[in-house]
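Same chain, two partners: chain A is paired with chain B first, then with chain C.
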Partner chain A sequence: MQDTFSRCNPIVNLIFYLGAIIFGMIFMHPLCLMAAAVTSITYYIYLKRIGGLKVLLGLAPVFIIISAINPLFNTRGETLLFSIGTRPYTLEALIYGVAVATMFICVILWFFTYNIVITSDKLTYLFGNVTPSLSVVFTMVLRLLPSYKRKLAAISNARKCIGKYGENGGTKDRIKNGTTVVSTLTSWALENSIVTADSMKSRGYGSSKRSNFVIYRFTSRDIWILVLMIICIVTISFCGIKGGMSYTFIPDIDFATNKFTVVGVLFYFIFLSLPIIIDVTEDVVWHFLKSRI
Partner chain B sequence: MQEKSVEKNKNIIRDTIKLLIVFFVMPLTIFFTWKYAGNKYYLTSLILIIFAVVPFFLRFEKRKPEAREMVTLAVICAIAVISRVAFSMVPHFKPMAAIIMISGIAFGGEAGFLVGAISAFVSNFVFMQGPWTPWQMFAYGIGGLLAGVLAKVKIMKVDKPLRTAILGGVLIIAVVGPLLDTCSLFTMGIEINKSSIATTYLAGLPLNAVHAVATLATLLLIGKPMTEKLYRIQRKYGIMREE
Partner chain C sequence: MALFEIKNLSFSYPDYEDNPVLKSVNFNINQGEFITLCGKSGSGKTTLLKHLKTVLTPYGKRTGEILYKGNRLEDVDLRTQSSEIGYVMQNPDNQIVTDKVWHELAFGLESLGTPQDIMRLRVAEMASYFGIQGWFHRDVADLSGGQKQLLNLASIMAMQPKVLILDEPTSQLDPIAASDFLNTIKKINRELGTTIIITEHRLEDILSASDRVIVMDKGSVVADDAPAGIGEHLKTISSDMFEAMPTPVKIYYEVEKNGVCPLTVRDGRKWLSESFEGKDIKVSKVEEKSFDLEEVTNPVLHLKELWFRYEKNGEDILKGTNLKVKSNTIHTIVGGNGTGKSTTLKAICNICKPYRGKILIQGKAIDKYKSGELFNGMLAMLPQNPQCLFVKKTVREDLLEMIGKRDDTRILDEVVRDCQIESLLSAHPFDLSGGEQQRVALAKVLLTNPKILLLDEPTKGMDSIFKIQFADILNRLKDRGVTIVMVSHDVEFCARYADCVSMFFDGGIITSNTPHRFFVENSFYTTAANRMSRHIFDNAITNEDVIELCRKNQ
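Our next item is the complex of A and B:
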């Protein structure tokens, strides 16, 4: 599987996710929610294929619970469905719950794909120049994790020789075992850290401006996508400020429907579809290139 | 002499900016997000958290830390994150907060905050990034910071392991846990009123209690040796000293 959107410049990826997540949290107009739901689900399924469907099914209970819970806390609304004790359970509150749940699931799905698209090396590329020291620390932590995992296994194995299995005994013994292992790891790691630091220093760390690991270029495609995204963001924000996306759920349901709604939702949909459009275009192009051979 | 007065001026400027942010920028943020984005609790709180977290990061950058300091910081963060693995045979046992607090006690509040924030961020690369990431960074950072502050006023002490451990547990159940619960309250987007607030915190209480007990146990068992190890590195190599 080839995800072309992931191979765009990280700046493009970051701006897309900032837009998708922030707009996703602000706009609760039903058309916006529909646009977000359709695009986030499509993109997630595109990336994960069949395995993604299982995760989506797993999210269904979350959706139902959040929808159903809201009317329990929110008793306003005009249409009474039934009452629990003295507390009314209203249709408006339930619909608001469904909207909130949709928003929540969409944001979670955007984060699911975010975790696939924006990898740690992209983050260091993005923030390496703004926060040089922190991104070194961040990179080092990521590098140390697997190494410490191995060391932990080594320490536990050594302790097995003296009969201190990790799984032995009750909870108390296990916790004690765990703390000893962590303590041992700490001694070793701290001593090692000084060696690493001295080695860094003797190789000239800090003597000049740090350069970053960069394998990303700004291609003309990135520029086009970026321009398109900025046009979308400006239009959506403008329509939002003009009231095109305004909504009220409680006490009665009312949505804006004017020219700003149409334009705003259209651009919102285009913006959110960008990754899918890019991926599918590339797939189609490849298909034709292959069939020509 | 002149350098001192320049330093003094810098401090005055810094304090003014701090006050401006607290009394001017933060209320303005709340006002504008309320007015133009509806009652979006999560977005508003996110912006406020960014205002709270960024100064710590900027201060660290400004200081141009030595290689030794940075590697030590990275090592402690990595231990805090990986410590979860060492306790994988004990269900629901999360020792990360305890290690963050130990680093706060040994190296001061600022380092504690950095360790907390970075560990929370990196551990989400192992689990999953989500809307909770900034809140977790903030909550664990505050945990480390408070441990550092309490150690500075000599309330949390190495030679008083029981008191330190209990205070650590209290910090989790009273500060870190509720902060994380607030995040779930805001991200779920349900109506905020007395009953929903009460339900969220009550529902979070059992999990927070388990977390607090884990922190207490870790601090009790490991607090003294770990802090001494950190002190030793600090004295031997002259790093991570608070000015």
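Our next item is the complex of A and C:
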């Protein structure tokens, strides 16, 4: 079951992710990082529920390793914590490591939710607007990969049942059998692609300029969300240019704290919270609708 | 004016010019007609159909001409041909292009550059007409064979064709999906007036709906007649295509004729009742093969309460399946789609490992066999798709792969002779027709010299003439001491050739019996001959039974 944000027009989804990932990689101001961490984790947990917590726990070591490793390579910084041999291990470098790790984890989490939200058919739709023929190739690949996988299993099972594959024989035999299976798959795929090509030609592929069937509609809600997102993006960019998000970690830690910081971070937080806000609003509406029944 | 006029069409493939595939074919197709084209595999049906659409026409030497609405077909532009001439092919899987159902429906319209709003309407219309709404957003890969073929049909109907050409569209489907599909075709013809040209093995379902039946043999049209007269026609020229006619027609012409030739089971029942009206039925039973299941003391294959599921949290597919197979018999397992018949075979082959239960082969548990020992001279399976077994460039090389280092070609020659594939040895396995591929695959499996042969839907896509040859091969194997376990949807085949029939339902074998007792007890899941004659005879299940009883009671 898709969440409400996923059911918005794919263009809305795409712009959100472009914004979240690009800003996420540029802004290393601690407030921005906090905003990104809070929103990306919340949205991921919202989508994956309990299963998401396990993944987050799995990411914890990654976070620690990235944080701890940075000072080993970057020895600059004013506050010395301890030395490893002759190499100093500084607080600034450690904090910078923590910031990089946070950024890394946030972007990874955005990609995780991206995979859930932007399904293959949405991607084809987004592609299809640019170039219809590329989108056909893309959908064909999406169809063929799983079918090759199934076919591979069918071939090796069939060969196993005539005593030609699997446990019997040494490494050399196994390799030989493996190549045989792959070559069978290849000839099978080539053979069948002729039929597919016939089917495409017979349905007029290439007979005139392609149009692109769009299953998604632009609703007024999509437009509202889009307008809101663009306002956010413009404001955040403006504040960023004005230096509201500037930072230095090394040699000493210094962050901008001015009115642009306040406005910029606020809008950044609103922008990143949009999927959660949309989902939760709808959940609340449903809750009330249900209680009225 | 005729929609298609085929004038003196001859065709031969390059390099085979002295062996033409089509020999001066002449006929017209009128608007709104339902035409059934039949003929043996390799009689040129597909080649003929492919000539009706320029982009599909094979390359080769061709004489004569085809007119579409009075113009030469080559002169009709690609766009018009794409939208007005719809073509559905045999394999449900390969003609699908995209990954989503909705996208596939729109594919043809996209190719024609149809504007968005018209496309929306057409797709919506087709999804509703064909009942696709429920799976509109699904991945194509998740559909059943029947759904895939319906999708292929719908995506072509979305282009609003004037004529629909179908090349054995149901040969890869199970009987229920096939008859649903054919009913949809009839509905399209009846409700939309679309012209239909169809080639089909399953004449039972469509003969009565056809306006004309055209029979081809070796590239020429040997009969072109209304369905009621086609049997007579084939009988007089003693064509072996007569074997493909529906049960009522075959019985009618074998028994002394009176009344009109029945085409459907309903008409057949009426005709039988009329023939025997007021007469005493002296003999109402045929002799049955004696075969007692209770006495299977030493089963060659014994399944004891198998339990299996594909995923840990999934549903059980096998729920305590029990089966005893007597040695030296043909044992068939029938039952609906997705009930677990094929899974049972996979369990026997150790591809699916049951989490509970035992499989005994010749009294020895399957896991006690050493690896390699089981599939070498003991057990072998012919998969549903014979193409899975072909790995070499020629049939001969493929068969030699099985012999390995032993340069003992005596066994090879014997198997080749048994499966009647002498003439195919130098061909590429993928170039063969479905029935031929099935025979070559069988030969390959037989080279492991199995004592137990497992067959998964072997008669799928075979024409009726080839089924008889196939049954001969199986019977010869049986005489030589091979036990055959076969999963099949083909009720007619099981009734005629099996020694024992088991019904598979809900993860287990419900009942096993001899074909006579098994089919006589069923009223729905039984042969056409039985359905046609059950109100008069007690245990007639095959055409031969009915014919024999009719003659005895004349």
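Just so we're on the same page, the second predicted complex is superposed on the first by the 275 of 293 C-alpha atoms of A that agree within 3 Å, B and C clash if a C-alpha of one lies under 4 Å from a C-alpha of the other, contacts with A are read in each partner's own complex, and residues count from 1 in each chain.
Rule of thumb we're sticking to: contacts are C-beta pairs under 8 Å (C-beta built on N, C-alpha and C of every residue); 3 or more make two chains touch, one makes a residue touch a chain.
From a predicted model like this one, the values you see are computed outputs, not experimental measurements.
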Touched partner set for A:241, first chain B, second chain C, both or neither: first
First (chain B), second (chain C), both or neither touched by A:175: first
Partner chain(s) touched by A:224 [first = chain B, second = chain C, both, neither]: neither
Partner chain in contact with A:286 - chain B first, chain C second, else both or neither: neither
Partner chain in contact with A:22 - chain B first, chain C second, else both or neither: first
First, second, both or neither for A:201, with chain B first and chain C second: both
Chain B versus chain C as contact partner of A:133, first or second or both or neither: first
Touched partner set for A:142, first chain B, second chain C, both or neither: both
Set of chain A residues, in rising order, touched by both chain B and chain C: 120, 132, 136, 140, 142, 166-167, 181, 183, 187, 192, 196, 198, 200-201, 205-206
List of chain B residues in touch with chain A within their complex: 36-38, 40, 42-43, 57, 60-61, 64-68, 70-75, 77-79, 81-83, 85-87, 89-90, 93, 95, 99, 118-119, 121-122, 125-126, 128-131, 187-191, 193, 195-196, 199, 217-218, 221-222, 225-226, 229-230, 233, 237
Parts of chain A lying in touch with chain C, wherever the complex brings them together: 120-121, 124, 132, 136, 139-140, 142-143, 146-147, 150-151, 154-155, 157-164, 166-169, 180-181, 183-184, 187-188, 191-192, 195-196, 198-215
List of chain A residues in touch with chain B within their complex: 21-22, 25-26, 28, 66, 69-70, 73-74, 93, 96-97, 100, 103-104, 107-108, 111-112, 114-115, 120, 131-134, 136-138, 140-142, 144-145, 148-149, 152, 156, 166-167, 171, 174-176, 178-179, 181-183, 185-187, 189-190, 192-194, 196-198, 200-201, 205-206, 241
In the complex with chain A, residue positions of chain C that touch it: 53, 55-56, 78-79, 82-83, 87, 89, 91, 93-100, 102-103, 106-116, 119-120, 123, 140-141, 152, 155-156, 159, 346, 349, 351, 371-372, 374-376, 379-381, 383, 385, 387-391, 401-402, 430, 444-445, 448, 454
